[in-house]
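Next up, some structures in structure tokens.
In the two complexes that follow, subunit A is the common piece, with subunit B as its partner first and subunit C second.
The block that comes next holds the complex of A and B.
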């Protein structure tokens, strides 16, 4: 039998973990190194820059107007994540505690949304957005993100809610609370780990989305970071070092938020374990 | 305080399962009624229908004369204590107890005053700032009760509230609940599967089985005058001994069991309408009413006899299990069946496993049930 606690197993698992970490971190390190090279060094074979050029970051920010894209990305991501979590919580509450005829069917139909890749719907979405006046609007893009984020959010929330003791909801009902209050005062405080999980998932997806933003935004004033950065690619020259710097700048907020939320997430899990 | 009236209440689930059928029960204002029965008998479903947590599929439930079938739980003004307490884990004891009051838009100062008052009654004052996770089982139970009484509901519904506590604490909380009812006088319906809890707490006890109400009465009535074999077997511990018997008239009436017969007085026979020679009954005798005697004595002549197999001493008594009889299944899944009678005797008696004993009883302790449908035919 394979004993996971044996020293042999422990060291091979550690080795495996290190291997995976290297595979994951290497491209990031490579981008990091690239972002510090000069334009001429980019095509040289050395990994580290000969001449460290941190000025690339300042240049990328100024030359390409990253600030504007940044604001757009923050707006779109914040709005879409907040809306998705809000609507997802409401829907999951209904699917879990307010069973109605056909609710299982509606739920199943909703899950189909997870299986459809956004890229497959680009054209119909574009036509729809134009007709509804949502084209080239940041809130329009946010609504599309909400639509794509809802199925997975509802799935995660409902799964979590089903694990909560139903007596608490019934008890609150008998105590005179209305459904809205039950959700906010009783269910949501217990569902923090699920909310954090969904927030992280959605934030990563929406912040990094390229294809939908590319299709649904026209004016460069409305570009989000991934689309904005892609504009650096020129016909005759592509400043790879600046793109690398811009990409790293763009990933900082997600990285930081993830770090903060992840700690909360672990706290939430520990709390849940002690409740029993 | 309220009067509660179940009228032909039934519950059939979507898949056709019948959980409760045709329950008629009136609970008077301020009364303490216990619903008791084996697990799956529909007692919790009945309580949840009263609370509004389950839809009523047949009949109607009235609170203070008003049909509440379609009334939302929050508008029924009943408070419920759940088996697992259902305390809000992220709120302090104070917030838990204040929760029902805050839904009613009560001024803050009044909420605090009322919570403190109830916390005082339940000895929770020093725990108000703690969370449920940091309380003992008994304290959590008190918080759950406190949350129920804090808003002076029309009725308390308690769904197996003591089953998560250890034996000693259960006895203590049982006493506290009885005392609380005596002090507050609120109509209370208490659900349990434990017949000891039912008998000690209830002013009246309603026995359910298979979704049907079998008998409602005072604990004394249920014990001494069970309406059918199920109630006879369910109430009392150890259970009543139920044996197949035939009534014969050979130089006086006698009840014939497999291994002998016991005389029956003419009064008992006359009490059974239409009793005839050769009629079959189920004879029920409580363990404490069984008389075990030496089979060699002249007065033991003809009496059924059996072999002592097992003796359990529970000072100051002992339970003597006598083999050689055919017991009838009362319908209670937990009741004994098989071949052994149980007799409750003072622990000092000299009986040992392997002894052959003659078994008899006094007529006045005999319960006779119809062999066909199990209903009682004598008091």
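The block that comes next holds the complex of A and C.
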């Protein structure tokens, strides 16, 4: 966008860019190195381990029962994202193509949900979850994620639908197609970019959530990764190299997805944030 | 509520009388009637139900509980005490400390995130070598779970951590500094960690904004012989005013609900020097079972978030 010509300016900007990247990455790299050290080496000054111990990851996985937390996190994230996208698509379809008296009001009311920080509602949610039998249940937590994910999803979906050619929906209707078929066969295939954006946003939010899971789950059998791993920090005897390994294990899924979908991730996050 | 009543009136017809449904639908459509709109209500209903049940009702509940004295167990033990909880918050030094810390955290992270985010976005938009790496690396921490980021930094900052290693190797200190045990440091460190984590997030937003600037204006500026710096101040920044507003408000709203990093790094300590609204709320609610006061703090968080969200809505309306 800016045409930098002078070679001196070019190389100093490159240097600056690489320098910043290194500084940002160093703490993670240090944790990565720590996670590969033996227990005795942890307090030594050296950056890299003398004795590389990848077995720490296996030990952390077994010692802390990360497998169970991992499965819980995957389950909650998958269920909540799938439900939110499905329910959000239905609503956005109606808000765009099947307006009813008062639908704009309902739409505005739903959008108010974007303003409410989940952290502020943990107490009443806990009270309600106990009453409804959703407390300490993974599907209950998923349902709460659905509630907080819906407003932004509906906003993004409707914004996208409004840019689609309405004739296609109209002509499908004249052909006698049922509404859900129109949504599924006509609208959804065109809306794929919006669905990807929403899926990325929701996956990040729900996989990373801490406070809702902390409050709404009680039993260690139901803990998600962030809650499960955070439980070890209070125990000062927990070996540092294992905490480091566990933290990195919890970050890996996001990191892998990011590697595969880097630009889409960035676009998705930007679109979701700027439009929401 | 109108949506609910029309749903009960129409939904049974949609499911019970399948054979005639399509004909009915066609007939209705020809008349531009409201059968289809009944279907619309049905499609919105799941969203509305989840929203009402798990956001709207809790908002009302938290507001009501904030007017009561209640330990949180038996509903029968609840007694109404009006605004007493808010009055005791006003007299509560810890609450004010948490509020000040939250606002300080929010203000400073917003300021630095925007400066760095904008700077990094300008840098990557030059597309010189190395900026691809910068773009990928700086954005990465924004994706990680804040809890794990807090855990990692807790290690990096402790007595045997990376920062102390650097300080000792450079000969700045001999004795390790226990950063997270120092009243004077902790809030600043939490602010620093948050900036480290989310600078890339702001960068991506500003980069998206930069892409939307009219090319011809930049070219015109270049033809006029404007130097890069002048182009930035005269063309780029003025056309990004709205984006600045939206991004800053996003950071503000995110900042007000700060919890995860504080919880794992310091639990609000030492001696409450890093207490924020959300940590204090949970302490009141769960450790001390004073649901009324905890709810009053929650209401403060909600009100702050809603106020800034409304401002944001005004700005982004103009944006889109």
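Operating definition for what follows: the second predicted complex is superposed on the first by the 203 of 276 C-alpha atoms of A that agree within 3 Å, B and C clash if a C-alpha of one lies under 4 Å from a C-alpha of the other, contacts with A are read in each partner's own complex, and residues count from 1 in each chain.
The working rule: a residue touches a chain if its C-beta (ideal position, glycine included) is under 8 Å from a C-beta of that chain, and two chains touch if they have at least 3 such contacts.
Quick caveat, the model's predicted, so the values are computed rather than measured.
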(message) On the A-aligned overlay, A:178 touches which partner chain: subunit B = first, subunit C = second, or both, or neither?
(response) both
(request) In the overlay, answer first, second, both or neither for which of subunit B and subunit C A:165 touches. (result) first
(message) Just checking: does A:201 make contact with subunit B only, subunit C only, both, or neither of them? Give me first, second, both or neither.
(response) neither
(request) State whether A:121 touches subunit B only (first), subunit C only (second), both chains, or neither. (result) second
(message) With both complexes overlaid on chain A, does A:82 touch subunit B (first), subunit C (second), both or neither?
(response) neither
(message) Tell me which touches more residues of subunit A here: subunit C or subunit B.
(response) C
(message) Tell me the contact category for A:106 with respect to subunit B and subunit C: first, second, both or neither.
(response) second
(request) Could you say whether A:16 touches subunit B, subunit C, both of them, or neither, answering first, second, both or neither? (result) second
(message) After the superposition on A, what does A:190 contact: first (subunit B), second (subunit C), both or neither?
(response) first
(request) Give one of first, second, both or neither to describe whether A:43 is in contact with subunit B, with subunit C, with both, or with none. (result) second
(request) Identify the overlap between the subunit B-contacting and the subunit C-contacting residues of subunit A. (result) 173, 176, 178, 274-275
(request) Show which residues of subunit A lie in contact with subunit C when the two form their complex. (result) 1-4, 10, 13-18, 20-21, 24-28, 30-31, 34, 42-43, 45, 47, 87-88, 90-91, 93-95, 98-103, 106, 109-110, 113-125, 127-128, 143-144, 146-148, 150-151, 154, 173, 176, 178-179, 204, 207-208, 210-211, 215, 225-226, 229-230, 233, 240, 243-244, 247, 250-251, 254-255, 258, 262, 265-267, 269-271, 273-275
(request) Please give the residue numbers of subunit C that touch subunit A in the complex, ascending. (result) 2-3, 6, 22, 26, 29, 34, 36-41, 43-44, 46-48, 50-51, 53-55, 57-59, 61-62, 65, 72, 120, 122-131, 133-148, 151-156, 160, 162, 165, 168-169, 196, 199-201, 204-205, 207-211, 213, 218, 222, 228, 231, 243, 246-247, 250, 253, 256-257, 259-260, 263-264, 278, 281-282, 285-286, 291, 294-295, 298-299, 301-302, 305-306, 309-310, 316, 319-320
(request) Note which residues of subunit A are touching subunit B in the complex, please. (result) 165, 167-168, 170-178, 181, 185-186, 189-190, 274-275
(message) Can you tell me which positions in subunit B touch subunit A when the two form their complex?
(response) 51-53, 72-74, 76, 78-80, 82-84, 86, 88-90, 99-100, 103-104, 133, 147, 151
